[in-house]
Amino acid sequence: MSAILPLSVRGLTFRADGRALLDDVSFDVEPGGCVAIMGPNGAGKSLTLRLLHGLAAPSAGAVLWQGPRAAEARMHQAMVFQRPILLRRSAAANIDYALSVRGVAKAKRAERVAEALEQAGLAELRDRNARVLSGGERQLLALARASALNPEVLFLDEPTASLAPAAAKRVEQAIVAIHAAGTTIVMATHDLGQARRLADEILFLQDGRLVERAAASAFFAAPKSREAHAYLKGELL
Amino acid sequence: MREIAEGFAAALKMIARLDADLVQIVLLSVRVSLSAVILASLVALPLGAALAVFRFPGRRAVVVLVNALMGLPPVVVGLVVYLFLSRSGPLGFLGWLFTPAAMIAAQTVLVIPLIAAVARQSIAELWTEYEDELRSLGVGPLRTLATLIWDGRFALLTAVLAGFGRAAAEVGAVIMVGGNIAHVTRVMTTSIALETAKGELALAMGLGILLMAISLAVNIAAYAINEAARGRAAPEKA
Amino acid sequence: MTRPTIRFAAAILALTALALPAGAAERFITVASTTSTEQSGLFKHLLPVFEKKTGIEVRVVAVGTGQAIKLAEKGDADVLFVHHKPSEEKFVAEGWSIKRLPVMYNDFVVVGPAADPAKVKGMKDTAGAFKKIAAAKAPFASRADKSGTHLAELEFWKAAGVDAKTASGQWYKETGSGMGPTLNTAAGMDAYALADRGTWLSFTNRKSLEIAVEGDPKLFNQYGVMLVNKAKHPHVKDKDGQVFVDWLVSPEGQKAIAGYKINGQQLFFPNANQAGA
């Protein structure tokens, strides 16, 4: 059933200019979960996502996909960046392009494009150039594009960081739907409410180190580490 | 200075009369330079994109070389292409020397570095924007180049037009490999050189004004097509 | 590939096909000749007559004598038609052609500014005039391009006993370009220059220039024609080339040459039958 999961991260380290931006981080991701990577700015949240997705190479340690299709792990993943990157094409063409790259036959693409736009509530904007969409619409389109790929794992980097509340709500609903359909989600967020609503597991990072890893309910009820405790109380770290 | 005023008069007269010789010269000019720019673009756009995207040993050296070749004097390109196409040269068997094909070849070689260099610049900007997404999707190298060229096509038009400008304006290369043969390889710039040599300055000036007008027309047409296409691709937000 | 990409590629291909010239497979020969014959308008007068009679198109590449000989040596022309007898004889001696035929002559003139600072106007002795120009350090525009005209000019300096090269950049201006551009330069800086009469007569941008020296027998300028040797370059169109060479020296060709006039003045004097020309 599972193509690439579970994931074992062992001793993950990333150095730049002699400084460790990520230092000896180890954890596992099981299928079906929604993992939120939390922590203050500069903790290494985005970097962790990039390393897991294979966009950056670790200085030490390993990202080990354990499933049968691990050799082509990235083809079973998708990622939505904090500022979503949309091609200079129509909304529909953006999705069609991604499907075509992932080898979906032309005959099947039109249907899946329409479906993805419909689910995201963007059907009316299908022929609109992606670059003139609003911030919320862009984020929704990027999510629709990612989910159209039917990834086993979806990485989200601060999916609602700069959105107005109404738009953020639509985006969260879309994430819930994608998760409900069986996609494992790994997201970076510093929005406590969002993590509470969406995540079932929390990885708390600070200064590149994994300080705490806990079930979401336990984490929010009683964080074990002093750092997480301070973070949840809204103190500056 | 009198010649400039007379040049305008001569240009108007030429356009009004539109004699067969002039039409032939103008058409050949446009045909040669247009062909050269299209052929050059087929090489230079992927080359420019590849230089923007791929990291390989010696890449910097290639970029510097391409930039330097932009300034190559047309007459040097003409000389090199002549030596290749001469009956005594490696490509002499083609029989291209002193034909429009030779002129197209020379201008193609001439403008490839320019188009590639300008294309590299604008593709590099687009690549900065697209890199994460294309790598995330797992787009292969060839598809990456095609995507960047297609999505950057409006910006790349500038590179292509710059190439057309250089091709249409140069005289050194075409006169060398074309021979400025009347009715066969005589184009606007070689005609201007010839009329200047004959001391027919007003006539030469007139041809020069005509050449500028054609260049202007090509640029306006390209701009209009660009605007129309851009408008279709990105309609105003309703 | 996406549909727009395919459409785009198809459009490019169609454009290329449109823009590429169709290969002309007509019957033609290539003649390497000098700027003086082209710029004087002689070919424009001569070639239509020949083409109408024989159906052979003549494509003239008009460059300096030096470059014309080089083109012929490399096999890039079928016929060489130039005006510098020593070079032509060397061309034949080296086997690039079997035979040189004299065709016609025109004459050189020394032109100079109306003010005539070297006081050479009306002289009949070119070498003497050159000596006076050098003595007066009056500006002189030389083609300096190894053309037939330039080589002739060098011989006059030699006869005058003047090493003009040493004054290069001072009163001796080496333009390194064709007859027309050199006349443009001379007109622009009130300099003397050696020119072939044909180019001079059809040259309109004279400013204050006028003829200073003419009529010296040494100013005669002989043209010769040579078919490039097929043994050296097998692709040479020797049959059609020979037809052109034969026509030039035939009574009909010679008559056509004599018939070319600018403002009623004959420019070229046929002399194919003159021994030793």
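A, B and C are the chain letters, set down in written order, and residue numbers restart from 1 in every chain.
The rule is simple: a contact is a pair of C-beta atoms (placed from the backbone, for glycine too) under 8 Å apart; a residue touches a chain by one contact, two chains touch by 3 or more.
Since we're looking at a predicted model, the values are computed, not measured.
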Ask   = Which two chains does the highest number of contacting C-beta pairs join?
value = B-C
Key: Central chain (distance from its CA mean to the mean of all protein CA atoms)   = B
Request  = Taking CA centroids for every chain, report which one is farthest away from chain C.
outcome  = A
Key: Chain centre separation (chain A, chain C; CA means) in Å   = 77
Remark   = chain A and chain B have mean C-alpha positions lying a whole-number Å distance apart equal to 46
Query = CA centre of chain B versus CA centre of chain C: separation in Å?
reply = 32
Remark   = chain A touches at least 2 other chains through residues 97
Remark   = Per the touch rule above, chain C residues touching chain B in the complex are 1, 4-5, 8, 12, 15-16, 19-21, 23-24, 30, 35, 38-39, 43-44, 59-63, 74-76, 177-181, 183-184, 187, 199, 202-206, 233, 235
Inquiry  = Which residues of chain B touch chain C once you look at their complex with the stated criterion?
reply    = 28, 31-32, 34-35, 38-39, 42, 86-89, 92, 95, 97-101, 104, 146, 150, 179-182, 184, 194, 196-201
Key: In the complex, chain B residues that touch chain A   = 129-130, 132-133, 135-139, 143, 147, 151, 233-237
Query = chain B touches which residues of chain A in the complex?
reply = 53, 55, 74-75, 77-79, 81, 85-90, 97-98, 101-102, 128-129, 131-132
